[in-house]
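Should a chain be cited, it is by its letter among A, B, C, D, E and F, assigned in written order, with residues numbered from 1 in that chain.
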Amino acid sequence: MVVDDGPRVPPGQGPIDATLVPRYAGLPTFARLPQNHGEAADVGILGVPFDAGVSYRPGARFGPAHVRESSRLLRGFNPEQGVEPFSSQRVVDLGDLGVNPFNIDEAIDQIEIGARQAMDRVQYLVTIGGDHTIALPVLRAMHAKHGPIAVVHFDAHLDTWDTYFGQPYTHGTPFLRAAEEGLLANGCNMHVGIRGPLYSSADLPRDRGAGFSLATSLDVDAMGWQGIVEMIQERTSGAPVYCSIDIDVLDPAFAPGTGTPEAGGLTSRELLACIRGLRSVNLVGVDVVEVAPAYDHAQITGVAAAHVIYEAISTWSPTASTT
Amino acid sequence: MVVDDGPRVPPGQGPIDATLVPRYAGLPTFARLPQNHGEAADVGILGVPFDAGVSYRPGARFGPAHVRESSRLLRGFNPEQGVEPFSSQRVVDLGDLGVNPFNIDEAIDQIEIGARQAMDRVQYLVTIGGDHTIALPVLRAMHAKHGPIAVVHFDAHLDTWDTYFGQPYTHGTPFLRAAEEGLLANGCNMHVGIRGPLYSSADLPRDRGAGFSLATSLDVDAMGWQGIVEMIQERTSGAPVYCSIDIDVLDPAFAPGTGTPEAGGLTSRELLACIRGLRSVNLVGVDVVEVAPAYDHAQITGVAAAHVIYEAISTWSPTASTT
Amino acid sequence: MVVDDGPRVPPGQGPIDATLVPRYAGLPTFARLPQNHGEAADVGILGVPFDAGVSYRPGARFGPAHVRESSRLLRGFNPEQGVEPFSSQRVVDLGDLGVNPFNIDEAIDQIEIGARQAMDRVQYLVTIGGDHTIALPVLRAMHAKHGPIAVVHFDAHLDTWDTYFGQPYTHGTPFLRAAEEGLLANGCNMHVGIRGPLYSSADLPRDRGAGFSLATSLDVDAMGWQGIVEMIQERTSGAPVYCSIDIDVLDPAFAPGTGTPEAGGLTSRELLACIRGLRSVNLVGVDVVEVAPAYDHAQITGVAAAHVIYEAISTWSPTASTT
Amino acid sequence: MVVDDGPRVPPGQGPIDATLVPRYAGLPTFARLPQNHGEAADVGILGVPFDAGVSYRPGARFGPAHVRESSRLLRGFNPEQGVEPFSSQRVVDLGDLGVNPFNIDEAIDQIEIGARQAMDRVQYLVTIGGDHTIALPVLRAMHAKHGPIAVVHFDAHLDTWDTYFGQPYTHGTPFLRAAEEGLLANGCNMHVGIRGPLYSSADLPRDRGAGFSLATSLDVDAMGWQGIVEMIQERTSGAPVYCSIDIDVLDPAFAPGTGTPEAGGLTSRELLACIRGLRSVNLVGVDVVEVAPAYDHAQITGVAAAHVIYEAISTWSPTASTT
Amino acid sequence: MVVDDGPRVPPGQGPIDATLVPRYAGLPTFARLPQNHGEAADVGILGVPFDAGVSYRPGARFGPAHVRESSRLLRGFNPEQGVEPFSSQRVVDLGDLGVNPFNIDEAIDQIEIGARQAMDRVQYLVTIGGDHTIALPVLRAMHAKHGPIAVVHFDAHLDTWDTYFGQPYTHGTPFLRAAEEGLLANGCNMHVGIRGPLYSSADLPRDRGAGFSLATSLDVDAMGWQGIVEMIQERTSGAPVYCSIDIDVLDPAFAPGTGTPEAGGLTSRELLACIRGLRSVNLVGVDVVEVAPAYDHAQITGVAAAHVIYEAISTWSPTASTT
Amino acid sequence: MVVDDGPRVPPGQGPIDATLVPRYAGLPTFARLPQNHGEAADVGILGVPFDAGVSYRPGARFGPAHVRESSRLLRGFNPEQGVEPFSSQRVVDLGDLGVNPFNIDEAIDQIEIGARQAMDRVQYLVTIGGDHTIALPVLRAMHAKHGPIAVVHFDAHLDTWDTYFGQPYTHGTPFLRAAEEGLLANGCNMHVGIRGPLYSSADLPRDRGAGFSLATSLDVDAMGWQGIVEMIQERTSGAPVYCSIDIDVLDPAFAPGTGTPEAGGLTSRELLACIRGLRSVNLVGVDVVEVAPAYDHAQITGVAAAHVIYEAISTWSPTASTT
């Protein structure tokens, strides 16, 4: 009778059956998937509750817990992609990394080690932030496994700034650092959804120097998600792709629960369609960051983030036959 | 001086005059329309505060009260349709059904009886849920009066599942039950706005078996509301149409106050345009369900639901001449 | 089946039976009592949705609707007073006054006329504000019927200031105006719950000049509600008592939904006990004002206000025999 | 590095070390205690996410998840009782029962079976509701193990009503049913915190007939928690005590997140002190029910509920020596 | 060290450097721009905290404070327009007008005087409301300086009604009054974003009589922002343009914090693009009104309003060279 | 007409006159007091927006802005103390310190320097946090000016822990560090309001070792505020007193907007009374910390914090004569 017991959950695979155990019951692993205790799997979901790199509203340390709690409604068949992501492959919840909240440098090392260990177990890694600082150590681990990485970056902001208060490692700087460290594939990186004011006109050339091209929120409006997906295919051109999704790429109406909101953003329908399009690229890892639950309402943001992860996981699943 | 008194409200017809009595004053009947005490009318609005059929977030039992409270701003002339829905026809608030919250089977019987009684008084019936379970008994009453019904169903979810916990009557099953009971017109039913994960790939053939075709949220994006309206016209092909609107057809940004939110949904502008398009079909009844006020904020959801009802009512109104 | 119909509600008396019709169903009259259409009654409850006299947070115009919606849980037997307030006397909901929101002077006249008309129908009048401006016209009507009135005023603030921006009629001035107009019984008026900063040291002598004595929030803490009730009995000494309750007499924890919150206030348990104590005075009228729903959460404030009114109404009910 | 791994958590006992793994990381078991997979333990915490017995605001089905999430701050030493509740005894999180949300009778059976199974594993059982309906099947299981039970019931309401809508098993009736079934120890049962309106004057004799005495919220105010604890000791007089805590015993200021709020309630300081006092009785089981998270804010209610459980668990722990 | 001190802020120009002083620090002037004490400037931002002209939800009196607080994230380079609005021109925060909240007529005079004084100091004036009543006195001041004005009005509502409660000056009437007073340029005025029910079919001819043409929310959907910008250019045809933006032109999803929400509105991306398009007209003044913070959540509305102002200010800035 | 202009504000002293300029107008300096630009004053209020030392919910970096915004209602005469705190002494708002959010050690140095500079200008310093980490550098500055300091610490928690994650400077450790650095007066320090679980039984002896005595929340309940004030007088025995107030000393009902809430806390009436009692000790400085606005509602917490500061400031004001 107790949720965690019994035979009705297939051992180690797939979510709990919601026609027998209500969705609001049991511990909130992602999509009510099995917890992992070291076994190998195809896809692993790892929480990184860290937000000491935030320059404005903090709170993304509660992001993994909130996205998991908001993922209880996810079901096993993805009709838009025509796949069964949880039964055609082994997807597990890796739990959270225990990261030092008081020391950014130590935290970055801990995250890199944790990501490497996780990637030893699983083929594809999805990380739930935490703030955008975490993308750098994860990219280091991705680079160690896959070589130079094509970053497809959904965000309102460039995140290729240099320093704040003399601090080089923050949520506004991971992609400049990654470029400097040689983690990125040449000519293969791009931003999607950029909008809003920058610090100065020098931000754009610095960003281009870091190897990124740009599709703004207005470009998404003009080209449609189909156009964006084509741009991504061309730009990444076969390189291993890491997709980093700052939830503030969505308009504040679709993602109020975030730290540096910018008006004029994407709809969740646009973002989900773009993520589905990653099916056609060589996707090796994904993060969803900057979900700050204290500013969310009725899980608007959490549900969008959970669904984005669901679509990303689905891209790794072979097409099921449907009648 | 007291709102409920006096000659300034035409006896039994039209809302209270807001240039004399402020909109925040007085009891919240729908659109501040007259309460009905048994007289005949053209259109009746009936609350069905019942949510015992809900599988996730409950609270739609407070839906009728919330939608009424959110309808205080509705005014008498609809410029998009060019009609005066409250003066060209007699529209009344029928109050709420008193339904057993502890026994689904008894509740369904009570709702069917209540809907039949209401339909004896009024030509067109609008019901405010309550959860989607209520569509089944209302469809029974519709069928009793009009014969086989073409259902146009706006929702994120199919609602043609079979059982939960062995229970055949829930908010996820009304349209499969309706099909089984022979209430639906052959080949005339469709869903609009479907999106998000299903339980399994078997859900789609079961749904088709129940007689529904499908326009997803992405279809709405691609075809525009004009395309959807054309599809509805073709699909329903003259049959009496019952339009069932689960408010979660809207994106959570536009309808946070609901029980099973799915990212990637319609905008309120799209939904309102589709509902206006029902002017061109043989609409006989409408419901708006799954408004769960505890999750709403600033009546975002309630205002959308009230306006949807307003557009539906307007489709029954003859065009006014405007200069 | 429809709530507003049928024989199960005794004609014109007592709330709807909640074991048959759920409390969340039907229009929110106060305590689900019958609406009044001009018949005589013992107690009448009148909404006065007016807040143009507010100096800080507005929104009390939605107060009557919110307090009514928050009163759905009230039941028929008051064990603390040992009375059945709705069956031992006829209590009705008089609806709301339609008051000009743009012109304070006209609004005050409208309220006075409305209160006089209401008092022609009912023996005891309870008004739901609205801001504290409304106490002045209601006091005029009380004085017209009962002669000089003893005001027992629960509030964080004195409300005997003179003018703001040259305006003599606001929510901070009703009791100075009432004193100037000779509406108050000499030596019989008092404030309870006063706390927090004043404009200047001249405020206290002006207040005394208007005929008020003072029990601060700290006095309530020190003397207990029993001591306060004794003070009220002594101070009012048989005069007809009008009890004016600004909900901000409660601490913001107990009444966040108000316009000028002051820390350090009463608990709801203290306030309810004090109101019960009015059973021993010659109470002729009550108001509850300054409920601003946009700042409330989960009806904390609304439920407190509704219960305060319930206790006041109960003081007019003869003791029932209980076994 | 991953939270769920590694040696720093003692196998099967005590919470995760928060000076090494942040409190916001990892799955929210109660107090971050170990999950149980069938081993024996001293104290077990069992979630019962069920709210189909609710007459007003639903949502307590999310109560177990919310109280666990709100328990992340609990630490290992209880200075008020002078005990270390998690290291002096083995306390485990038993997960949630998977209970049918659509059928009250089946749910009650499932809860009874689940409680019996849980009590086979653990000496003391704490259940987190869910609505108050769940107290009946848990009392059945308690009676099966311990014989007649002395119920100490903290609540705003009596919960000894007979039926709603003809339904005998709801959140307003568990203690009348328990009395009828002979589960209760004669003359040993009491309510604490009762307040607010009843249905009729017949409610009190019916309640006495069910074997309960009464300490109202005003009694708590007058006697202090010390007086209440003495009453409890006298009344229960050595019988095995089951303490059932409806969170609405707290004032809405201290527990907004509940289904049937009543003004005038206890403070959390009073309630916690009363629960500590249960150290002196023969406590065998505890429930905390009616936490409805959709109405909570900033975990005010959740934190109070978690702390109440913490104090209850602590009463079973032998006094530690402190220097 | 103290924010208000020191040399790092250029004297009297540009925002505080956020890489040295965090954005959450310091007093919330608009965009953290310098406060003005009477010096001349190119652009001035003036708060008008007044909402006594509101017919439904009040609270826009807190609008200026909320929009300023929501503007802390604005940065110095606008890539969409390719300009540096704060360094290429002198932009200052003029503070708030102290306006009588109790007397509409006096308030309107005070606002006109204040706007005239402000326009003596600055070339371009941006006002933050406050309710829409304030547009009339600002238009008087605009007319005094520039002659007949072309009004481009973004709103869900026409705001050319005549009176409420006999009151001619309210938030629903400014543009009819402006037309009657001869402030408007013939044939040059238009509404954008209109939608939702009107009072009667007579509203449209009255509006046309006041000199306005109409682009509805559905027109924006059909024509795109490019089409709307072309319409604005044609319609205003070189006349001095005053752009009045009622934030409720946005859908309630994008602007919940407002007083008279209407479903079916613009997205923030559409509105921002339209405002950028004003670069091609002779813009002389802007207002953003009807932001009611008590209904906002996580500054969704405030951030949108602040960004709208930012784009308007940017239209006055010469294009910067970017590489 | 513009708020910041004109003669009606006495130059450099006292709040703006709210009978002429509404309280919601103008920049939110504390209590609408004048901004300071380096002149000497009696009392200075300094914001320290820093929260990188937080172990659970962050967000106190927005504390200074929120407390100032919540202080708009404070008025000039304090009747409880019988003083006019703003006219009998010169009280100024010193603005915020610009502190590095990414580096705790650097931030602590910046705060110490900032506090020293501020204390060069003002006799008494009030700091608004920010998290409790800030108390250490402020205490260093206090010690530099006054010698050994008696700390009176209102909090739910001891804050004398040693390290988290190896980090010695956090919001849980300032008073152990202060003791180690020799900043505290021997035998003169105490905590008030302590409650809830500790890490281990070793916490209490470590705390005593740091020189603190203890009055728990239950002690406040038992002794009343009068007893606590006597304890403080005895304990501090003439030493210069620094009062450090963590807002979580209040119950979560009275202060939801904080980072580590504990049930069972003080009421705001109790806390305010205790602070008033500091009039009888040699108070030299005060901080109010851990206000986390993202978790506040309707400024419940902000208003309490502002009032606490008001009472502290008032203790430095000579008694005014009142008639």
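FYI, a residue touches a chain if its C-beta (ideal position, glycine included) is under 8 Å from a C-beta of that chain, and two chains touch if they have at least 3 such contacts.
In this text the structure is predicted, and so the values were computed from the model without any measurement.
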Which neighbours does chain D have in common with chain F?
A, C
If you tally C-beta contacts across C-E and across C-D, the winner is C-D
Based on the averaged CA atom positions, which chain is farthest from chain D?
E
Chain centres from averaged Cα atoms put chain E and chain F apart, in whole Å, by 39
What is the distance in Å between the mean C-alpha positions of chain D and chain E?
54
I'd like the Å distance between the centres of chain A and chain B, where a centre is the mean of that chain's Cα atoms.
37
At least two other chains touched by the same residue of chain A: list those residues.
20, 22, 24, 55, 61-62, 101, 164-165, 251, 253-254, 267, 295, 297
Which chain pairs touch, all of them
A-B, A-D, A-E, A-F, B-C, B-D, B-E, C-D, C-E, C-F, D-F, E-F
Which residues, counting only chain A, touch chain F once they are in their complex?
51-55, 57-59, 61-62, 100-104, 106, 164-167, 170, 294-295
Would you mind writing out the residues of chain B in touch with chain C in their complex?
1-5, 20-22, 24-29, 35-38, 46-47, 49, 61-62, 64-65, 69, 94-99, 101, 110, 113-114, 117-118
Enumerate the contact residues on chain C facing chain D in the complex.
18-20, 22-24, 72-80, 82, 84, 251, 253-254, 267-269, 272-273, 297-300, 303-304, 307-308, 310, 320-323
Complex contact set, residues of chain A against chain E:
55-56, 163-165, 194-201, 203-205, 216-218, 221, 251-254, 256-257, 260-265, 267, 295-297
